[in-house]
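Shown next, in structure tokens, is the structure this report addresses.
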Amino acid sequence: MRSRLAILVLLGLALAAPLVIYPVFLAKVLCFALFACAFNLLLGFAGLLSFGHAVFLGTGGYITGWLMINSGLTPEIAIIAGTVAGGLLGAVFGKLAVKREGIYFAMVTLALAQLVFFLYLQAPFTGGEDGLQGVPRGKAFGLIDLADNQTMYYFVLAIFLAGFWLIHRTVHSPFGQIMKAIRENESRATSLGYDVNQYKWIAFIISAALSALAGSTKTLVFELASLTDVHWHMSGEVILMTLVGGVGTIIGPLVGAGVVVSMQNYLSGGELGNYLHIIMGAVFVVCVLSFRSGIVGQFNKFRRNNF
Amino acid sequence: AATDGKIKIGVLADMGGTYADLCGPGCVIATRMAIEDFGGKALGKDIELVSADSQLKPDIASSVARKWVENEDVDVIGGLVSSAVTGAVTQVTNNSKNITLITGSASNAFTTSACSPYIAHWTYNVVALANGTVKQMVNEGKNKWFFITADYAFGHALEGVSMKVIEANGGETVGTVRAPLGTTDFSSYVLQAQASGANVVALANAGNDTVNALNAAAEFGLTDYMDIAGLLVFTPNAQAMDPDTAQGMRLTTGFYWDMDDQTRAWSKRFEALHGAIPSMAHAGAYSATMHYLKAVDAVGTDDSDAVMKQMKLTKPDDFFARNATLRADGRMEHDMLLVEIKKAADRKNKNDIYNIVEVIPGNKAYNPMLPSCAF
Amino acid sequence: MSKTEADFILSTQHLSKGFKGFTAVDDVNLNVSRGDIHALIGPNGAGKTTVFNLLTKFLPPSSGKILFNNQDITSLDPAAIARLGVIRSFQISAVFPNLSVLENVRVALQRKEKNSLHFWTSERVLNKLNDKAIELLASVGLESFAYSKTTDLSYGRKRALEIATTLALEPELMLLDEPTQGMGHEDIDLVADLIKKVSQNRTILMVEHNLHVVSKLADKITVLQRGAILTEGDYATVSANPQVREAYMGTETVDQEVSA
Amino acid sequence: MSHNSREKLRITNLHAYYDESHILHGIDLSVMQGELVTLLGRNGSGRSTTLKAIMNMVGKRSGEIVVNGQNTMTMPAHKIAHLGLGFCPEERGIFASLSVEENLLLPPQVRSDAMSLEEIYAIFPNLHERRTSQGTRLSGGEQQMLALARILRSGANILLLDEITEGLAPVIVQKLAEVLMLLKSRGLTILLVEQNFRFAAPIADRHYIMEHGHIVEEILAAELSSKSDLLNTYLGV
Amino acid sequence: MATFLGINFFALFGQLLIGLINGSFYALLSLGLAIIFGLLRIINFAQGAMYMLGAFVALLGFKYIGMNYWVALLIVPIVVGVIGVLIQRFLIRPIANEDHLYSLLLTFGLALMIQGLFTHWFGSSGQSYPVPDALKGGVRLPFMYLPNYRAWIIVVSVLVCFSTWWMIEKTKLGVYLRAGTENPQLLQAFGINVPLIVTLTFGFGVGLAGFAGVMAAPVYSVSPDMGSNILIIVFAIVVIGGMGSIGGAILTGLGMGVVEGLTKYFYPEASATVIFLVMVIVLLIKPSGLFGKNA
């Protein structure tokens, strides 16, 4: 009951926010929040740390951007196409990566992502260093003109909610139950007759597709797709968001994305841009050394202890 | 862009990256000098200056520009180095009808394929570079060219334009290789150049890439029997080159601090603030800002269309812009300089790096205007 | 040996496994009759665990065949063998520590539901398995712990839970590798009773060093030595065999008072 | 407190923790030279933790542990072994990346009168046979033998043994009992954690019974029969 | 003579040699990484930053106190190694018992910080470091002009790599290292000072990166991002070689340099991706890497 209320309040806030806050910024937070939630699905619920998730974000972005520029499709179709492309790429990467665990998994995903990074750097359809510029936002369903930032924001909010709901559903599904079991004791799950790699693989695909969804949406918001989204720094950033917010919590990544994006926004606006990496690095170090459960994890602990 | 009667200038430059010395903090300083020289006020209000680091990333630049014009009432964006960044920013500003003063980028696209009524492309462009350096060398009989090209819009444009100039003057291109932006080890490209049978190796890159490529060429003995043409060399880069390797190298620039008293006077003031002599982008940023502010003052509004019209009507004229005009397509046409890097022995101090070989008049240096871009 | 082949739920034919010039399992023809509790004993390093590994395909045999219900399963992978109904328990406690006791069993029950890959349906569909799960927990005496977290269970209860989980898969054949290892006395008896109880309607093959447990449970015993079968028979026969006494049992006897 | 020179190990008011869980709640025990003392108790009563605490392998400890008259509470773990302590862990701890013989030779010798490889191989012929194979490729029982053999070779004279008969065939268990008697007669001190009471009873001098991190009873070998009821309630024997 | 079947052998050999030189750096860096991984099960993301640090310390030492190349070659690895020791001791050790992924993230954060600081101080544009006088010039081979310094890189790297490998694989220390990887706590209970070994090994692995940094300074321009660029490639190499395999890291490092060189000749477009492609293929065929033991 309490959580129902909380959800309603949050939703109300989300609907009212663009009246006060710059909608493009809000849309950016939502895109990264979705990305971080998708990433957390893999890390928090499957126990797999991917160090190459940027590649899915970027792939979604490029596909959607390219289609919007070249095909005349409506934005929702282009987004779906980007999502599917991300899912397919995830299927290929996942097949290779889920054979390994822990640090090995992280390294393999990192290297695979780097492979694609260089491909995108050279492939003609991505625009290389320039990226895809001037991606039109188009009209959603051929009707709603997204050129207006406020409208765009609500469109993004809808996508975010859909993605978030899917993640929530996945975690609390028969599939999610098995994922949990696999995380707890992999060899026992195998001995009960579950093909562990298949489950991890599916989780990987879902996570990749949702990351691509975030990237596709982001491209529309900024009317631009670029290499930054595929770079391994971006893979690091999403880890940071998740870590700051709280690994394995449902809304942790959302909070983390909000914090990190605000911080970047604040820093890159001025001449502090220089300090961005130093500060992000420092936040990483502090989080790992003394704040491993993240903001939401810490808050939950506090609430448990005091109420 | 809302006309709120208040002038706010945004300088978006590379504050810490490969091009930081060309148009980074220095471009902010130059812009501030222009504002102060103008009197600090326009339309009766204080002129505001904001700046940000593009980090040389189109997406960062694009989102900063968007935030500036949509949410922070910035009227005009200047600075701008790296064509990828400039392209992304102009996408935003063209849409929002804000003026862009491009002072660091080289691609000629901004007055051709990507032209817009709101762009003023100031300092130089790839065509001017090729028409200066390349033409002269081909005419001297250096007819077989090999390109080491920076793999992004600027490099491609510079390479393409230069090839046309080579062909038009009877030379040929025997090969090209594209190196990613920020390459540090050029050895393998140098080897390819060596095996190509060319007599000139053209470096269609900029900043550190040029310096590194030149160093590798020297290390592998390439300089012993081939000429190196640095197609785009800014003064800080020229200073960073080993004089023994670089001496005698020809290059084209839009500005040299030691040209005459006028340039020296401004450059000394700049050096006092910045700690180094100005590059052409720094001088260009001052000149462009000043011209913009004068136009605002003249029309009495910050409305982009009116201001731009005025900018094109009056001829820019200052220590930087010689025999200049701002064409209808947004190209600022002015005299370019063909210079030669001095021998170590001839240098009086560390800033004394060029001999001016020739002044190329603007109409010879720049590309002709396209009818479709004559706004 | 009057049983026909059809009575054997599991049999191996000339099963061998070598590791780099060392033969760990040597031409073993093992026949497990349906409904039996069959014990595999032998000195350390005799090859018992290796036989288990071969049966469940955690190791590929060097040669020989494995038949389950007269079907050749030699080439199947571990998960496929598990799905046929051959379930193995592990020596170290194989539970899902942070799931509830009920959920532990449900994870096993879920496999038959064919919805385990459904990430789009609510986990509420699993609630219909709760009754069955409670029933299974009751059969091992854990029904009152259904909603506790599994980590909080004692060692013996974890073993019981593990068995309940295994039962949920309705295995035809259970393979138990040293089920009482590391257990205190009270737990040993608990688990031994449990094994006896669940052996109704199914077959159990187990490796066990605790002779007390073996004597109490096993219908048939196969003694392995140096990878090969030394002898077979019921406890009385086997324990009377001087070779077995020398190689394995030593002077130990199972006195009935202790097992009481 | 007067120090008894025959007292090899004395533990006073020992508390031990893993992370936040408090496992040992004030243990007091002592072992004399040449004595074989067992720690009995149910699963999870804290016996292994006691041994680990002596080796400084738990999260946090308080109290006092005196080995050979020297307080070890502030000693780093790697110095403790050099007091002559040899620890054989419950989970055996065989190193997979080392061969059987490398495993045997791994612990540095802490005393000069250590058992030689020949002696070890004579006791455990299986190990000799498999000496070049990878440590964890051994069968469960063989690994157990290796774990024990390893510390015998290091020459430690105070042995902390955790469930060493686990998973061993009855013949080997009988042989182990003989080995322990032999070691005892050589003057070694042994603290033994055992589930197998039938193994421990005939060879031990004293038994401590643990429950929930406390020592609840001390029983001398001679009192075994008279206190069997007590044992039954604690251990369910 | 120089060409046969359309292959220009001069150019090919030239690229191979350059490949071997790059491979030497790969080998040095992946060796350090493999050692640290082998003992601590930590992927040291800061290895690239340490490489950069090595180059910068050499450069700054040269600029401000006139430290020459040969001194730098000796001093800098020690300086960087000590920094590594401090990092291990004060940042990594406190989380040594947590999931190893945390130490990966920690070193990732450190790498960002160090690189950010250097960018802040020195800008991201590169600076050059002079080739030592004794190694100036070069030899004209039939197929290319080989600068002396580049030849020196190959010789020194191979020497350093081999001696390190020997020390780890063939001495008692190596046995401790291997055992310490698996169960440090138990090894310590046997009386071996594991924390010390761990810290020193980390320092040594990091010192190797510093050494590579000094070696690189005269040929690559010294810039704050020089490390992060090469690091990911080195990760791929370590994965290909089999994580934790010391010999594998060295051989794969050299080998991948050569493969890259070949690609630059035959199909330059793929030269940036070829190592990752090889990695994918190796993973498909042998998930544990070329020299890795199956987990």
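Which chain is which? They are A, B, C, D and E, in the order written, and residues in each are numbered from 1.
The rule is short, and it goes like this: contacts are C-beta pairs under 8 Å (C-beta built on N, C-alpha and C of every residue); 3 or more make two chains touch, one makes a residue touch a chain.
In this text, all values refer to a predicted model and were calculated from it rather than measured experimentally.
Participant: Determine the shortest chain-contact distance, in steps, between chain B and chain C.
Facilitator: 2
Participant: State the chain with the largest centre-to-centre distance from chain A, centres being mean CA positions.
Facilitator: The most distant chain relative to chain A turns out to be D.
Participant: Counting C-beta pairs in contact, which comes out ahead: D-E or A-C?
Facilitator: More contacting C-beta pairs are found at A-C.
Participant: On a CA-centroid basis, which chain has its centre farthest from chain E's?
Facilitator: Comparing chain centres, C lies farthest from chain E.
Participant: Just how far, in Å, is the C-alpha centre of chain B from the one of chain A?
Facilitator: 38
Participant: Using CA atom averages as chain centres, what separation in Å is found between chain C and chain D?
Facilitator: Measuring from centre to centre gives 31 Å for this pair.
Participant: Where does chain B touch two or more other chains at once, residue-wise?
Facilitator: Answer for chain B, listing residues that touch two or more other chains: 16, 180.
Participant: Give me the residues of chain D that touch two or more other chains.
Facilitator: none
Participant: Which chain A residues touch at least two other chains?
Facilitator: In chain A, 121-122, 274 touch at least two other chains.
Participant: Provide the full list of chain pairs in touch.
Facilitator: Chain pairs that touch: A-B, A-C, A-E, B-E, C-D, D-E.
Participant: What does chain E use to touch chain D in their complex?
Facilitator: Contacts found on chain E: 175-176, 178-179, 181-183, 185-195.
Participant: So in the complex, which bits of chain C are touching chain A?
Facilitator: 56, 78-79, 82-83, 87-90, 94-99, 103, 106-108, 110-111, 113, 115-123, 125-126, 165, 169
Participant: Which stretch or stretches of chain A touch chain C in the complex?
Facilitator: Answer in residue numbers: 166, 169-170, 172-178, 180-181, 184-185, 187-195, 198-199, 202, 206.
Participant: Taking the complex as given, what residues does chain A use to touch chain E?
Facilitator: It is residues 49, 96, 99-100, 102-104, 106-108, 110-112, 114-115, 118-119, 121-122, 232, 236, 239, 243, 274-285, 287-289, 292 of chain A that touch chain E.
Participant: Would you mind writing out the residues of chain E in touch with chain B in their complex?
Facilitator: 8, 10-11, 14-15, 18, 21-22, 119-120, 123-126, 128, 131, 138, 140, 144-145, 147, 149-150, 219-221, 223, 225-226, 229, 261, 264, 268, 271-272
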